[in-house]
Every structure is written in structure tokens, then in C-alpha cells.
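A single structure is presented below for examination.
Going in written order, the chains are labelled A, B, C and D, and every chain counts its residues from 1.
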Amino acid sequence: MAGNSLKKYNQIYVALLILFIISVLGPELADILGMEGLSRMALILPTAFGIAIVKAYMVAAHFMHLKTEKIYAPYILLASLALMFVFFFGVKIDIMAAEGHNWEKPYEEPTGSAGHHGDSHHDHGEKADDHH
Amino acid sequence: MAEVATADVAHDDHHHEHEESFWSKYVFSTDHKIIGFQYMFTGIAMALIGGYFAYVFRMQLAFPGSSVPFFGLVSPAAYNSLVTNHGTIMIFWVAMPVLIAAMGNFLIPLMIGCDDMVFPRVNRLSYQIFLLSAIVLIASFFVPGGGFGGAWTAYPPLSAMAKYNATPFGAPMWLIAVTLEIVAFLLGGINFITTVMNARAKGMRMYDIPIVIWMIVIASMLFMASVGPLVAGAVMLLFDQTLGTTFFDASAGGDPVLWQHLFWFFGHPEVYVVLLPAMGIVAEVMCTFARKKLFAYKMILYATIGLGILSFFVWAHHQFISGVDPRAAYLFTTTTLLISIPVAIMLFAYIATLYGGSIQFTTAMLFALSFLAEFLIGGVTGIWLGSSGVDIYLHDTYFVLAHFHYTFFPIAIIGTYTAIYYWFPKMFGRKMNETWGKIHFWGTIISFNCIFIPLFVLGAAGQHRRIYNYQHFPDLAGADMQDMRVFATISLVVMLLFQIPFIINFIVSLKYGEKADKNPWKANTLEWVAPSPPPHGNFPDGFPEVYRGPYEFAHPDREDDYWPQNEPGNQKPKT
Amino acid sequence: MAHQIIATSRSATGIPTGRLAVWWVVASEIFIFGGLIAAYLLNRFLHGSWAQEAAATSTLIGGINTFWLLTSSWFVVIAHHYSEQKNAKKTRQFLWLTILLGGFFMGFKFVEYYKEITHGMTLFTNNFWSFYYTATGLHGFHVLCGMVIMAIIAEGDIKNERNWHRVENIGIYWHFVDIVWIFLFPLLYIAK
Amino acid sequence: MLEKLLPAASTYAKEIDWLFDFITYLVGFWFFLAIGVFFYLVFRYRRKPEEKAQYITGETHKQKMAIEVPHYLILVCDLAILIFTFVVWHQVKIDKPPAEDEVRIVAQQWAWTFYHSGADGLLGTDDDIAKVNELHVKADTVYHYTLQSPDVMHSFSVPVFRLKQDAIPGRDITGWFEPNLQGEWDIQCAEMCGVAHGIMGARIFVKSEEDHAAWIAANSPPAQSANLIAQNTENDSQAQEDNTNG
């Protein structure tokens, strides 16, 4: 494993920390600005999940040395991930839907703020997207 | 599971000459052969239990309400528990341990010319967890409320709540047993894959690996890839059962159908997990006794890989009418019918292997040939069920039951017998008696067909599964239908009786069988280079090197009709 | 084990056997966590009200825990760096620092659980919280296992200056656990 | 083929039977071909002392064709099966002809409750007739059913109709059937649903229009009068729903 110097590790670590801070600030900013709907999504998705993917890639590529590992290892891992997507999209039509062709789920979403834990100040008023 | 990360090269200062005690030699051994035998004998013991269950509930179906000899009266709860655990045992505690774990453990290091698995202690741990799982399962029959009776698919909410299934202890214990078994096979599977990837003999290239090893490895990969979501699901279901969470409770926003998806995402690849090792075993035996090179090795290999990949896209065909969205059936019918292509390629290549051969009808060969014939029936009946339109009618009938017994019986039972008759000389250094073997063969095969052909007819007549007494249904209580049930049951009893010659033959041959030399069948693969039985370390004369593919029978350049893989030759045949 | 096994020393793929096995372990863990996360996501998208529940998780503690894990990943890769130089003292030192940070992670986790449970958000409150406790609990279990194995490697192997490759193997596992957390953190804490 | 074993009593039963036969002929052809070749090869190439086995790799193009050609043919057969399967599936499970009558089916451990629409042909009105383990339908009428389960999974299976649909707690599943043969047959539960799954059967009665009307007249709730039927309200249907769901 030539070329894996401490300096490189330190650089990656600092980059990870910066990304981490952005990923926390993004959604918080959305709360502070009181963003709703699409613009909220536009801020949260890239900051929370986009950065998570970048961070995961950096850890995998540099700390786990996947960049210099034999080709088998990344293939194994990518194939695993791909299969999980197969599962997710195969199941989506049933589990992620409140109704489908010739069926519906009569389950009623509990509405209003979840009062049982009394964190009403956290309730930023995003309504449950009602499927009924 | 993280154990694998650390368990590594064995460091030991014991002396080789030191006489080992019974316990360290046979119980706590890390030798792959001993662990293979442990799996095999545990699997056979569990098969006897599963067979006994089949006997009890078939007797109840044939003679409803009367006391079954060696059991007594069969209550509805007992019936449900028997069928559930018959299925569970036969798949998780018979087919998997015998075909993958026992044969994988025994064959992999021998066939790739190595002295052991790469992680012997993980291997031992895997068997110990497996044994624990078997004990938990058996214990679950004796707890208050009895064993779990919610079918081997364990659909919630029935399996999730004691108020529905009435087995407050049986259901969680069943689930824990299955989960432990899965963990055991994950450990074993990682060991198998790593061993074959890394520890092959010098000169053994990709296409020099015997097809059975390929298939065990692909099966291990399929298992690992499919079972993960089920492990997550099992944790969720266990929490539902024991703690009272509501992951699968629709009244609290959960979804019971999620379990079906998690289960069948595992459940369908699982069929191929057990099928592939059996196919591999049959290939080895057929090539040896037909004295033929395996027809289109590469094509079979790629078809197998294609089959493995495709098997992840078909799972919802078990759920066509289970309340999933009907539009999904279009996709899953298509993939299901497509999967007939790789299976057909494999079967055709196997049949083509016979062409131009010189077939010796040993018991092992008879079992291998009957595997093809019986599995063909199992395979083609799958077309009716894969077609969603016909599945509306046939789903959960005896047609389904007969179909998957025509696949699982060849896989689990015929595959196992093929392997045992073929590798018995290597395992124990003696041959089994051929005459008794043939009696066993014909008795088993004929009575097996007599059990399940009537069940196809009953299923097509609309008889559903898991019903303990058909006399409650006027349309199914007719005398001619009952006659078929009685016929199937009698055939089952006959088949079970025909297993007695096998057991006696096995035990007697262990002690008094004809002595076998290194290579009694004149086969090519590396396990026949080792002495019979192989000592600890397998190859006392040094590890073999590989010069050619595993199936060079009747090569024109050679006087002998076989050409062992390790024999240096003047030319290196193309692979 | 009267026999010295040579199987482990072979390497037809070029990847050392131990590391190859760890890759397969990681793959099998991807399936387990992947199944759980897929199940969570499917429910999360269906139930719009879960966004409010997610808002009740403590981003602060989750963030601090992310920091511990990121830093511990950094430490374990430094430990690997020193293990390649066969520097037992430094390797052990960084392994123990990693374990310490894992301990911080677990400690903060318990404080978090305690706060949530006393506020009435238990495993049974609703399915969001069931998923929350199951996912973080399963992850915490992996952290704990990693810590124990790392301690065994530090004291059993590195102290006796043998099996240096195990540092890299446990490191890969530890990074994977870190990556799982990298995804759990936005899923459970910051997306709301 | 199936009709020899049990009658086909709904409109789509014939379609499913036809598909069953179609697959039987196609698959049967391949099966007997394969098994015939198999037994011929086993017999022809049995061991003879004077004959050495041939060396065939199966890797040359010509030899591979021996496998590839049949599998392309199988692919064609698969496509044919697929097309007819889609047609049948679309008819039975996707497409719903307009309803002429309705029935609500509630499956629970371990009985079926059938809510017949009564004289007005509408569900959720006062003249609904609830029957346990008896489903009475009129021949040559398109029925829409709604399938519900309050506890565990069940499966509503009417073999003579070739109809099967699982009932899932937390899902209202709808479908249709049109009986076209008069008689009395079994309904079975086809999904393991607990201890008494084995006795969870019911009977279906398919009757002529006059007989069915007579049955409705005999079974309608007594306090029923014609004008009440006309002004059925949303409240009533709501109340009824709550009663059964709760």
C-alpha cells in the first residue's frame, strides 16, 4: 500500500469534518429559514444525503483503500448495493403506497403533532402528506 | 460475524503424534472432513425427524380422526405444527446442511487440492451454532403451546402475535432457531467463498475448478446476498413477537406484506441455493460414470451465474394473489418464465453429456440420472405456477405442493444419496453394497412418484394445502379423492421403509464394506488423489498441482479413458 | 489442531485471505443493514408524519456521535499506517484511542436513549421509534463488537508483535460501521 | 382438462382452463421430448466393453447449437405463454367490468362473513344481509367484492370460479367474478390462518334470478321497507363499516 501517507489520511479527515458540518447545517438552515415543500427538499436532499454519499465514498476509497484494492472487492460491494436497490424498487409498489390497483390501505395517519413526547417546538408545521 | 475478521491462521503447538481423544477428534475438531460429517449426520438425523412428521400428517390425511401409530391423535394445532416444522426442517436443517455445508466442507478443500478451509475455527463455530439452532428448534416442540404452526413462510400477523397463533413460546423459538441457522450458514458461506477464491491448488485456473465447487460457491453467494434482508426482517419480527413492537401490524401503520417481500426475496434464491450443489454433484457423478467430458462446461457455468442473478428478480411470483399489487405480476411473470432458459440450458447440457458416453449403472449413477428425470418434472410444472393467470387457480393447492416436492426431493434426498454413494469410498475408505443400493434406489424412486403424482391431480381438483381434514369440505370429501390420499400415504410409508436398507447398508459398509483404493471410480478430480479416507491435512504426499480441466475422460490422446487433473502431461489441453 | 494449516497462506486472488473474508463480511452486512434501511425508507416515504418524529431526535447528540465515529475512523487508519511500519507502540496507542472514541459513541448513545425514553419515546411509541431503536441498536451492537475485537487485537496480537494484518482487517470493518452511521445519521436525525 | 376434475362456474374459469391446457400442451411436448431423448441416450450409450466413450467438449460452435437452438425455441414458447398469461391476468385481476351487484367479504379467525347487498343491489344500506359461511349469488351477474380481514391473513378461494385472493389486514382488496353455472360448492381458506385453518370453509350458492330473489325476500332484515331503501344515507354505511372494522 504505497502512497498511503499520514498526510493523506489527515487531509481526508479534515475534508470529512467539513462535509459533516455542512451536512448538519443544511437541514438546520432549512428550519431556521422556515423553508417548506420543494425548496426545503432542494436544500435537505443534497446536504443530508448527497454529502453522506460523498463521505461514504471518501471513507471507502481512502480509509478502506478500495481505490488500491484488487478489483474484486469494489465489485463485491457494488453488487451488494445494487441488489438492495432491486429489493427496494421491487417492494416499493406495495409498501410505499397507500393505494394501488384494486386495493387500498384504510390506515389513517395520526394527524397533528405527535403529542406524546411533548416536543411541540420541534413541530415545524410540515403536514403529513395525506394519501387519502 | 466480525469473528471472521480475527480468526486466522491457526497457531498451535500440539504435536502431531499425540493421540487425540474422542472429543477433540470428532466433536471439537477443526478438520473440514469431520465438520462435514457432523453436518451430514445432524442433517440425516433431522431428516428422520422431518420424515416422521411427514408420516404422521400423511396418516392423518388418509385416515382422518383415527389414532396414528407411534403418535396418537392429531389435533388441528398439532397438524399445523407438524407441516410447518416438516417444511422448516427439510429446507433449513436437511437440504442446506447436507448439500451445502456437509458436501461443501468435505469436497471443497479436497477438490481444490488444499489441506483445510482457510478459517478452520470459524468453520467449527459455524457447526456449533448450527447444532444449537437444531436444538432450539427441537426444544420448541415441547414448550407450552407446542411448536410453531404458522407455515414455514411465517406470515405475520399470524406469526407475530401469540393471540393469533396460540404458540407464545413456539413461534419465537422457531424464529430464533431459523436466525441462528442463517448465521451459521453465513459464517460457513464466507469460509467457502474465501477458500475457493484464495486457496486453490497451484495451476488451478477458473475453468479447472470442478463444477460442483463452482455451484457450491455460487450458492453460498446467493445465500449471503438474499438472506441479509431476511435477517433484518427476522429481528423486526422477533421484536414484534416478544416485545410488542408493530413493524408488521397494519392497525399501527406497519405492513404485513413487507414480511412477505423480505421472506421471498430470500425464499426464491434459497431454492437455487440448495439446487445448485445438487446439480453440481450430479454433474460430477454423471461425467465419471458416463466417462464423458461435461458438455459445454463454460455454458453451464455462465447459465448458472445467469440463473443466480435472475433469481433475485422473481421473488414476487410467490405472492401473485397474496394481496400485492396485481400490476407487479406482469414483471414477475416475465422474469419467472425467463428463468426457465438458464435451467433449460443446464438440463440440456447434462442430457447432452450422456451422448456418446459409456454409461455404467452404479447406484450413484442411477440416483444421478433419476435426479435429472425427476427434477425435469419439478421444473416443467413450475411453468404453470409461474404463469400468473393459472397461478390464480393453482396457488396454495396441492399442485404447488407436488411441484416443489418434485424439485426439493430430487435436490435434498436424491442429491444427497448420489453424493453419499459416490463419495462414500473417499469418506470412509470402503464401498457401499451395490445390490442393496439398487434395492434402495428403485424402492425410493418408484414410491416417491407414487406419492406425488396423485397429489398433482388432487391439486388440480382444487384441494388446498395445510388443511388437516378434508372431510369438512363436501367437494373434497369424495371417495375417489380420499382413495388418492390413501394411496399417497401408503406410498410414503413404503418409501420410508425403503430407507431402512440404506441405513443398514451405510452402517454395515462402514465396518465390513469392500475396501476402496485411492480412486475406485477412476475419476479425475483432486479428491481422488488423496488416500481413502484422507488423513488430517488431506495430501500426505504433497499438494497436487493442476494441469488440466476436471473432466478429461476418454481423451483421444490417451490410452486410459481418464486423465487425472494432477497428472503432468506432455500437452496442456485447452480449457 | 495438530496440523499446521497452509490453506490460509495461499492467495490465488492476490488479496490476503483475511482481508478477502472481511470484504465478504462487509458485503453480508450491507445486505442486513440494507434490508433494514430499505424497510425504514419504504415506511418513511409512506408515512408523512414521521418527519415530525424525526425532528424529535437530538441532532446535537447525533452530530457529536458522528464526530466520534469519523475521528475514530481516522485513528484506526493511522493505526493501520503504523502497523505497516510494524510500530507496535503507536499501533496499540491508536487502536486504544479508537476504542476510547467508540466508548464515547456508546456513552452518548446511552445518554440519548435515556433522554428519549424518559420523554416517552420508547421502542413502542410508534413504528418510527421502533425503527430508530432497532437500527441504532443494531449499529451500536456492531460498534461494541468492533471495540471488543479491537481490544483483543491490540492486546493479544500487536503487543506480541504478530498478525499485523489484523489491524487492517478490523479497520475495514470499523470503517464500514462508520459508513453505516454516515447514512443512519441523515436518515434518522437530520432529514425532517 | 380441469373441467373433468371440477366444474367451471364463472366466466373467467374457462379462460384459466384454456391457459392451463395451452401450457400443458406446450410443456408436455418439451417434457416428453426431453425425457424421450434422455431415456434413449441412457439406453443407447449404456456401457459396452468394446466401445470407448467419445470425446466431445461441447465447446465448438456446432455442438453449442445443439443446446442453443432448443433454448431459442423454448424462449418462443415462453413468449407465447407470457402473452396469453397477460391476457388472462388482465381480465381476472386488473380489469373490472361494471358491477351489477356487490358483496363484502370479511375473513376472520375462523369464519367468513358475507355482506350481501340485499334487494337494492347496493352495499352499506339497511337491507344488507350478513351471512356467516354462506355466500349466495345470482347467476350471470357481475359481482364486485371487497375483501377485508381484521386479524390475520386469509385467502378467499372458490375453486369452481378459479378465483383466489388473499385477505390482508390493513388492506381493502377489490375484485370481481361472474358466476354462470348454478349449483352449490366449497369456499376454502387458502392461507394458513391459525389453529382452525383446516375447518375455515364456507359454501357458495349460485342461483337463478328467481331463486335468488326469493332467498333475498326470505332473508332480508324484517324491519325493512321499500322507502327506507331509497333514502339510504352515508351515515348508515359509515356506521356499518365501523361496526365490522372495530
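We adopt the following convention: a contact is a pair of C-beta atoms (placed from the backbone, for glycine too) under 8 Å apart; a residue touches a chain by one contact, two chains touch by 3 or more.
Everything numeric in this text was worked out from a predicted model, so none of it was measured.
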**Pair of chains whose C-beta contact count is the highest in the structure** = B-D
**Message:** With centres defined as the mean C-alpha position, give me the subunit A-subunit D separation in Å.
**Reply:** 42
**Prompt:** If you average the CA atoms of subunit A and of subunit C, how far apart do the two points sit, in angstrom?
**Reply:** 17
**Prompt:** Which integer distance in Å separates the CA centroid of subunit B from that of subunit D?
**Reply:** 32
**Prompt:** Where the CA atoms of subunit B average out and where those of subunit C average out, how many Å apart are those spots?
**Reply:** 34
**subunit B residues counted as touching two or more neighbouring chains** = 197, 225, 229, 250-251, 253-255, 257-258, 323, 326-327
**Message:** Quick check: what residues of subunit C touch more than one other chain, meaning two or more?
**Reply:** 13, 15, 20, 24, 27, 30-31, 34-35, 38-39, 42-43, 47, 126, 172
**Message:** Quick check on subunit A: which residues sit in contact with 2+ other chains?
**Reply:** 72, 79-80, 83-84, 87, 91, 95, 97, 101-103, 105, 107, 109
**Item:** Each pair of chains that touches, named by its two labels
**Value:** A-B, A-C, A-D, B-C, B-D
**Prompt:** Any idea which subunit D residues touch subunit A in the complex?
**Reply:** 93-94, 96, 170-175, 245
**Complex contact set, residues of subunit D against subunit B** = 1-2, 5-6, 15-16, 19-20, 23-24, 27, 30-31, 34-35, 37-38, 41-42, 45-48, 51-59, 63-64, 66-67, 70-71, 74-75, 78, 81-82, 84-89, 92-94, 109, 151-153, 155, 157, 159-160, 162-171, 173, 185-186, 188-199, 201, 203
**Item:** Interface residues, subunit A side, partner subunit B - complex
**Value:** 72, 79-80, 83-84, 86-87, 90-91, 93-95, 97, 100-103, 105, 107, 109
**Request:** Would you mind writing out the residues of subunit A in touch with subunit C in their complex?
**Result:** 1, 4-6, 9-10, 12-13, 16-17, 20, 23-24, 26-28, 31, 44, 48-49, 52, 55-56, 59-60, 62-65, 69-70, 72-73, 76-77, 79-81, 83-84, 87-88, 91-92, 95-98, 109-111, 113-114, 116-119, 122-124, 126-131
**Request:** Provide the residue numbers of subunit A that touch subunit D in the complex, in ascending order.
**Result:** 101-107
